[in-house]
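Data first, discussion second: the structure below is written as structure tokens.
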Amino acid sequence: MYSLGELAAKLNLEFSGEADCPVTGVASLVSAGPGDLSFLSNKKYLALLEGTRAAAVIVHPEFAGQCPVGCLISETPYLSYARVSHLFNNTPADVPGVHPSAVVSPDADVHSTAVIGPHTVIEGGALVGADAVIGAGVYLGHDSRIGAGTRIYPNAVIYHNVHIGEQCVIHSQAVLGADGFGFAPGPDGWEKICQLGGVRVGDRVEIGACSTVDRGALDHTVIEDGVIIDNLVQIAHNCRIGKNTAMAGCSGLAGSTTIGADCTLSGGVGVVGHVEICDNVHVTGMTMVTKSISEPGSYSSGTPMSSTRDWKRNAVRFSQLESIHKRLASIEKKRGK
Amino acid sequence: MYSLGELAAKLNLEFSGEADCPVTGVASLVSAGPGDLSFLSNKKYLALLEGTRAAAVIVHPEFAGQCPVGCLISETPYLSYARVSHLFNNTPADVPGVHPSAVVSPDADVHSTAVIGPHTVIEGGALVGADAVIGAGVYLGHDSRIGAGTRIYPNAVIYHNVHIGEQCVIHSQAVLGADGFGFAPGPDGWEKICQLGGVRVGDRVEIGACSTVDRGALDHTVIEDGVIIDNLVQIAHNCRIGKNTAMAGCSGLAGSTTIGADCTLSGGVGVVGHVEICDNVHVTGMTMVTKSISEPGSYSSGTPMSSTRDWKRNAVRFSQLESIHKRLASIEKKRGK
Amino acid sequence: MYSLGELAAKLNLEFSGEADCPVTGVASLVSAGPGDLSFLSNKKYLALLEGTRAAAVIVHPEFAGQCPVGCLISETPYLSYARVSHLFNNTPADVPGVHPSAVVSPDADVHSTAVIGPHTVIEGGALVGADAVIGAGVYLGHDSRIGAGTRIYPNAVIYHNVHIGEQCVIHSQAVLGADGFGFAPGPDGWEKICQLGGVRVGDRVEIGACSTVDRGALDHTVIEDGVIIDNLVQIAHNCRIGKNTAMAGCSGLAGSTTIGADCTLSGGVGVVGHVEICDNVHVTGMTMVTKSISEPGSYSSGTPMSSTRDWKRNAVRFSQLESIHKRLASIEKKRGK
């Protein structure tokens, strides 16, 4: 529990209202009750401000006058909400130390302040930094490294020679360092190419549940600082993802593709292999990126949703587009345009 | 093994044929052999009835006369097959009790009839109901609850504050309660928003292998009674899925989206965030749902498959559709329509 | 470390250059340094050959004359690279035997040369062949079989009655044998159909991280010899995948679909249920396969990516295609074509 004045001081914000007003939680404008702090980050929800039962609201200076309760005044209310959310973190505390059921190689180097959960396996040559938390049932392969303050949630798997930086979060069932999908056609079928590279992940990277980052074929697969990756995302071998880029759920990159910095790939986006996307590119949901992009901006593919009945009619015509074009050209020609 | 008469009694169906005809298994019309019970649930396969080697077939009254072997007569043959399938369940029996290698917090409340598999971890405050089965290597976080009769398959992960109802099935590698993908843009990159909500799952819900249901940012993510979710499905934070809705493999919902009751989302469907879909909506495979749907019915997007050669020609014309429209409009104008 | 002459002998290739030139690793033409062997498998990169710092390069006879360093001469340089990669395998060696923390049923049959990792669970009736490697935290269900030389990476889950052949690789978090998505509509919602079949996987099959292969409803789900499956791929119940077919990341098959031999499905491809695809079919990325394919060849669907601004205009016109067609037909009619 904090008072409104304490929160203002911690966030370095001005406030209006009673300094000793108690704040016990965070909630949306709609569901906030007494004791809750809320936030208004989008003008669209301005109408909700009037009726809120929150104890206080984080608002832009522009709307401070309209706030019927206490407020924290911020130029960036959403960012202030992000910061305040950590003060009310309800994640259970970790039990310090190495659980006796963990199997830690004597050749591993685990910092004395690191937490190692039950049934976790840490192989020889692995390194776990200060204050790192390795949850239950995690596998950490030979010569892999987990930086200071990084958290690995239960049952995630880190193969050998995967380096993860500091202050990262890796969610459950994520797999870093599985073999890239490399095979050569041989006389009797596919012949596997041994994947000799590793994975290098920078600092402050988050990787979602059930996401996969393959090891490189020869060089490493690289994820730079500040990248955020949602659930069920596939990063193939030898990709490189630039600083602070975000990839939403169910998106995927084929092999050897490079994504620049500060890009956003929405849900379900697929990118073919061996292309380069420059910085500041934004790709809308379920787009198929089939070539390199060298101009910042927003890109899309796909067709709009409609009733299945209408869609079927239009979809048939899609298959006739070349002929529609020719019929049109023929008319234009005859008319002398 | 059952006799035909016993099956008829158990399913409360009429039958024709010899009551003591032995039935030892279930099989499709094509592969059924002596001793097998089969079913005809689709007129399309009527021709297969004549040649079946099954001991008996579940048929609609309409086709009972054409059945060359014994039959169970049902108004809903597919449903009767579903029910009879459980009589031939070949899933190995569970070993009762808590396996000695499991790490169960003394502050957890595990019912005496529950099964806890080897290497499973159950944290403090967690609750496991009567006859629940928690497979090997599962992680069950603090204050999470597993209802009576629910089965969690090996290596699934349930974070803290996730409540799962009764008679649910959660398959291996599913993750419930990982952090929602919530970040605010800050001066030096993305700043994580602490995900303070949990997950609430109703009764008789099935969640497939490698599917992910994120915890809420503030309020809970909610899955209502009777929802069925296939493999590799992504449910983002603060979604709500209505009663008896079905989501097929590789489909996904972005954050804060609400799906009504009795909907079906086919494989690979994606739904953007913050939209509402009403009850009784059916979305065909790989459709991109980009807006709310307020009318029940069937919805689609995408283009039909063709040979790559034809597709390339038509796809180029897709990129010229605006100009095709203008060319057409120009002709129409000149002709006075 | 090998000498160039030794490598030539091992690969049964001719070479030019000094036989005792030491080769200590494999690298791409661009990043190769002294001691590295590289390869030129695509004419497109011919210009890189001149400047390479590699000790030697695997080249087609056509380009041997242009190689400024030593070379191994191969009609199939990429295949030769695949084979040579295994000579430089840097995967850590396995610790032989059964780890004391593994829980192996006395009714399981584990070959004396097999490796069983820490915390792995092997149920009764399971069979593990010679030289098989079952990594840490794996679950192997009742009556399942792992063939000789097959490797299962940590935390993968194999349900009961799943047979995997010889020399296969199953990556972490893969799930074989989870229930197919089979439910019948009943009076109060979905009723589960007990999935009575198993999974049969041939020899030399690779299955990627977080991929799922469901057990059959009645008959088995079948994956034939030499099939390669990437990460996050969904194979529904009762599918059959023919010999040497490749499925790239994030692709998926709905139930009872048959794919022929020597097919390739690119990333994100989805195939509806109950269709048949013949041998030698190649499907481009993110294509939706909605019907059977009986002619070998390449198939596609989708629309090309463009700027979101252009895309929006064209996408609106897609929804008017039926009317565009009619407007065109009307003009044609009036003009007597």
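As written, the chain order gives the labels A, B and C, with residue 1 at the start of each chain.
Just so it is clear, a contact is a pair of C-beta atoms (placed from the backbone, for glycine too) under 8 Å apart; a residue touches a chain by one contact, two chains touch by 3 or more.
Computed from a predicted model, the values in this text were never measured in an experiment.
Counting only chains that touch, the fewest steps needed to get from chain A to chain C is 1. The two sequence copies chain A and chain B touch through a face in which the numbers common to both fall below half of the numbers used overall. Averaged Cα coordinates give chain A a centre that lies 25 Å from the centre of chain B. Annotation for chain B: residues 101, 119, 137, 155, 173, 210, 232, 250, 302-304, 306, 318, 320-321, 324, 328, 331 touch two or more other chains.
Against chain B, in their complex, chain C makes its touches with residues 101, 103, 119, 121, 123-124, 137, 139, 141-143, 155, 157, 159-161, 173, 175, 178-179, 181-186, 188-194, 196, 210-212, 214, 218-219, 232, 234, 236, 250, 252, 254, 270, 272, 284, 287-291, 297-304, 306, 310, 313-314, 317-318, 320-321, 324, 327-328, 331, 334. Within the complex formed with chain C, the residues of chain B that make contact are 25-28, 31, 76, 78-79, 81-83, 85-86, 88-92, 99, 101, 117-119, 135-137, 153-155, 169, 171-173, 204, 206, 208-210, 225-226, 228, 230-232, 243-244, 246, 248-250, 267-268, 285-286, 302-309, 311-312, 315-316, 318-322, 324-325, 328, 331-332, 335.
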